[in-house]
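Below is one structure, written out as structure tokens; comments come after it.
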């Protein structure tokens, strides 16, 4: 007993020391902070552009305008999130160590989720482009599969944090793990689940880089183009569009969560 | 290398035409990757769809991508028929039997003195070494040991050509320099103005991109050297496409470049002024440079 | 029939929950467990349906070893054991009805439960149970909007709806007023008598224990210090269970 | 002195918690509140320190309106009112000691509390309080590793450590064995007598109410149906509070 | 008085709540999903038909080019270093901001509203824009990289965190109200112990994202592993690409391991 306590202290000490060392190493490598001369002129030019958005871009009868771009983005994001939202559930369930008692299963699932997360979006996109060609469909698949890693991880960790007393009650009635999960864990995790899924929806809407690479349309490509030729008025209006879109999602998200809290 | 199967079945039709060599193409898929040497760009696809569709008589699907690797892969899997590729990308794609050049884009040349456009159409551009006006660097020879802002190593204007120029002057582009990789030629120029780097390599003349944000950019910087010409963007097709079809596509693009309405569109969207036929040998120079530089760098 | 065979339980942090328990509870008994706070009463109950793993010994429920049971066999033993928890263990975010219905999940296929499709019969059972504890009109209220006693009654209703053969009740009337207390205890007694359902109940009230029990088990520091019929449970016996009424001493012992 | 001036409380879902309560509790009284489960006892207590906003009327604590108080003034009124919760409200993840110490935060600067620097005096106070409830040797155990009764006692210790002038106790002995019950109630009585601390205690046990109270308030469906000294609290009076012992009826009323 | 009487009506809590609302919501979601599917030409057959093509690329990804490991070690370390600093500052800012944004901590929408708006704004800023701004302000190098990562982490942590704060057990907070704690003490004793574990989980998650998605570092000329993806993909050197993936995976697994350990300590 006392010996193991000593061990615990030693381990804690080692961990603290390790963290400390990492921080010292990280900060030691930093150069000093200095401001640049050009900053005022360049930044005021950027801000001036952003604050006088290119209203003409909002609607264009030709079809490639902000509204259409946002609509495409929303469609891709919804579908991508939907796929991920469904597919992540079994992984999240099996990666939660308070639900799955089998350490190997938990480990394997956590590994799969980590693997999906480190798989770069662009390589994932490439895989799907080869399968279905560039376009929205590939975008949806890349977002849908890519998001499983994040959703699975966050949800499994929030499952690991729930209050287990209700779970006991279900176990006592003779429920198997799945039933226990549905009746005791799901109601508690649901608000978090929706919060994560809605967050992912938002991330997907902003996933300009991947969608731009894929040629999936949406608002990402024009944004990247505008940024790379420093067309700040255009950037301004697109940003405005995204902010409005994200705010709407945020409002819906809190409404949805309010239902479940 | 890979199977053929000419057409795209976006509408879910059965893929019956597997063995044919694309002569019965029902739809043409075109993808565009912006070249780095443009100072205006639009991410639009629809207008070109219409122009090309009218010329070819089959539906055309155009999309815009920001990364050439995906186009090449898509062409390898028969998902894209026509790609707009920058020169380096074309060479790499050709190595893998993924693409065959048919056309090169034309742009107006750039005045070496002040960066303004000339009225001569050319199918190549140059890259330049640029330093601050008050810098004591006068020529490429002075660059040794200086801090240089490159673009990604796959960039023709932002790395390969300038590196070759340095090598010609007896300077190793990485070991004899203090290299930084930057993203975007505009960032290179801003970093130069900031004093973060001593010399930037950009396409000619990237200062136009920054001029809107920083008025005095032309006064405060100085070009010390230009590189050899770099071939302009290509339009390439999948090799499996029938010669007949290739012919048609070539003609269609050249027509568009000549047509007044077409010209306006390709200028606005891709900053192209027109198209000329091209052949693979035009890109031997690219291969040569690639080889020369990559031997030293990798 | 519930058999404890030399059962001991030590918590991971080293606290001794139970020590060498060896006893048999017959079908239809009404056993009341008494003891100081921290004596191990809850631990005893939780061992019966294996909510806690015991560290030594074996427990048999109706001649089946629950200690060794696995998977479906374990679920079925548990389904026949209803439990009323000391701190209710309700899903606070779910409605009262859903909490009570959750006592029924052991009877249906997993698939059915995934979609939450309870047969009508179950809903009637649940409503009946709620009526028994006087909460029918709160059926669709969220559990966290109930008063303490109401939450306790939901927990009772859940155990009733389960139609178990054994009911474990951990201080089922702690938060109830005298009338509801009487009513709940009467109900438990009635179920015990009429349906021959075995009752194991932790109680703090000596009066209630004497009134309802057929057998009283006294625990102290995890050991059985008394086990006998109500008539044997004299004041002297209780003194033994709770320790002498020696103020100084009580504090020390209660802390164990 | 605590004054209720025509206080009513309706919950957002429409349930009536309290209706037109009008009474005054003097300093040093030992008031016991009785009533059926769901009668509004907890609601009554929570109104005193404004854990719930009342929907009508006003409550004064020592001549200061807590209903209107804001910011620092409100914190100070509350600091002087200790509360023992029906469901303990402990931070399950923190140690017992930290839970008890959290009763002291009202006395120290915010900055100090950010770093968790409690003076030695506070730690002694906390240990004293834990000793009083017989839990000194569990001081550094996590709260979720305690038995039900032990958790309740931590909640009591927290209120004791607070050194309040009024203590509100919501069924403080519900999960305790008779001996600990006696000991806790004796303690509350002692504090009440010696330090003239006002006690307002919800109890379900009529015996305990009669034994310790100086005044009994009976609630029924949110209204005061009895208010008088212990001697006035006859069996008849209790009948009025709990309703006639009419089995059928009890169920219905209990549900209200 | 009048108000009270009006509110007395919804006492019919004994009939099941109407099911139309949830059903309508379900239908709406399904319609949205189907509509989106139609808009983008979703097709399973196309996906199945294309799988062999996908395989072709996967084959090229294995085996990883082990020799490349040593080459990416120093950018990887550089990335970790900047991620440590950036995430730490982001997390430090995220904590108070999330508290301000959580509706069960600050009940007034005069506080939560602006806090949420700021968070939304931060999350919306595209990396490229951040790069343009930071390069102008600080020049190129690790400093703008750290600022970018800081804003990044701030957005991620704060958003996830305030929503999880909103679903904690109100009991301990109530107890702190009762002892007369002011807001800060109330948070430290009633809220923090309950949320520390999920905060750590989001913090480490943000750290992990910063390491693997450090493309933003490339944007400000600060190196980082992102550039190497671009480089290897650009040359179609998939073996090298997959060695970067494996490398990142190892780092992420190590972080994951510590993340689990630390959260266990806090639960």
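The letters A, B, C, D and E name the chains in turn, as written, and every chain counts its residues from 1.
The criterion applied here is as follows: a contact is a pair of C-beta atoms (placed from the backbone, for glycine too) under 8 Å apart; a residue touches a chain by one contact, two chains touch by 3 or more.
Note that the coordinates shown come from a computational prediction; the quantities given were computed from them, not determined experimentally.
K.L.:
Going by the stated contact rule, which chains contact chain A and chain D alike?
P.N.:
C, E
K.L.:
Of all chains present, which has the mean Cα position farthest from that of chain C?
P.N.:
The chain farthest from chain C, judged by C-alpha centres, is B.
K.L.:
Whole-Å distance, chain B centre to chain C centre, using C-alpha means?
P.N.:
Once rounded, the distance between the two centres reads 77 Å.
K.L.:
Mind checking the centre-to-centre distance between chain C and chain D? Centres are C-alpha means, answer in whole Å.
P.N.:
About 27 Å, centre to centre.
K.L.:
Mind checking the centre-to-centre distance between chain A and chain E? Centres are C-alpha means, answer in whole Å.
P.N.:
5
K.L.:
Two-or-more-chain contact residues of chain A, please, as numbers and ranges.
P.N.:
Residue numbers touching two or more other chains: 36, 38, 42, 46, 122, 126, 130-133, 135, 191, 224, 228, 230, 261.
K.L.:
Among the residues of chain E, which ones contact at least 2 other chains?
P.N.:
Within chain E, residues 13, 41, 43, 46, 50, 53, 56-57, 132, 136, 139, 141, 197, 233, 267 contact more than one other chain.
K.L.:
Taking each residue of chain C in turn, which ones touch at least two of the other chains?
P.N.:
87, 136-138, 141
K.L.:
When you check every pair of chains, which ones turn out to touch?
P.N.:
Contact pairs between chains: A-B, A-C, A-E, B-E, C-D, C-E, D-E.
K.L.:
Taking the touch rule as given, give the residues of chain B at its contact with chain E in the complex, in rising order.
P.N.:
These residues of chain B touch chain E: 2, 9-12, 15, 67-69, 72-73, 76-77, 79, 92, 96, 149, 152-154, 180-184, 186-187, 190-191, 194-197.
K.L.:
Touching residues of chain A toward chain C in the complex: what are they?
P.N.:
So the residues of chain A in touch with chain C come to 1, 165-166, 168-176, 178-179, 182-184, 187-188, 190-191, 260-261.
K.L.:
Quick one: which bits of chain E touch chain A in the complex? Just the residue numbers, please.
P.N.:
Touching chain A from chain E are residues 32-33, 35-37, 39-43, 46-47, 50-51, 53-54, 56-58, 61, 80-82, 84-85, 88, 116-117, 120-121, 123-129, 132-133, 136-139, 141-143, 146, 159-160, 163-164, 166-167, 169, 197-198, 201-202, 205, 208, 212, 215, 229, 233, 241, 245, 248-249, 252-253, 256, 261, 263, 267.
K.L.:
Could you list, by residue number, the parts of chain E that touch chain D in their complex?
P.N.:
1, 3-4, 7-11, 13, 171-172, 174-182, 184-185, 188-190, 193-194, 197, 266-267
K.L.:
Residue numbers of chain C touching chain D in their complex, please.
P.N.:
These residues of chain C touch chain D: 11, 13, 15, 34-39, 42, 86-87, 131-132, 134-138, 141, 145-150, 152-153, 170-171, 174-181, 183, 186, 204-206, 242-243, 245, 247, 250-255.
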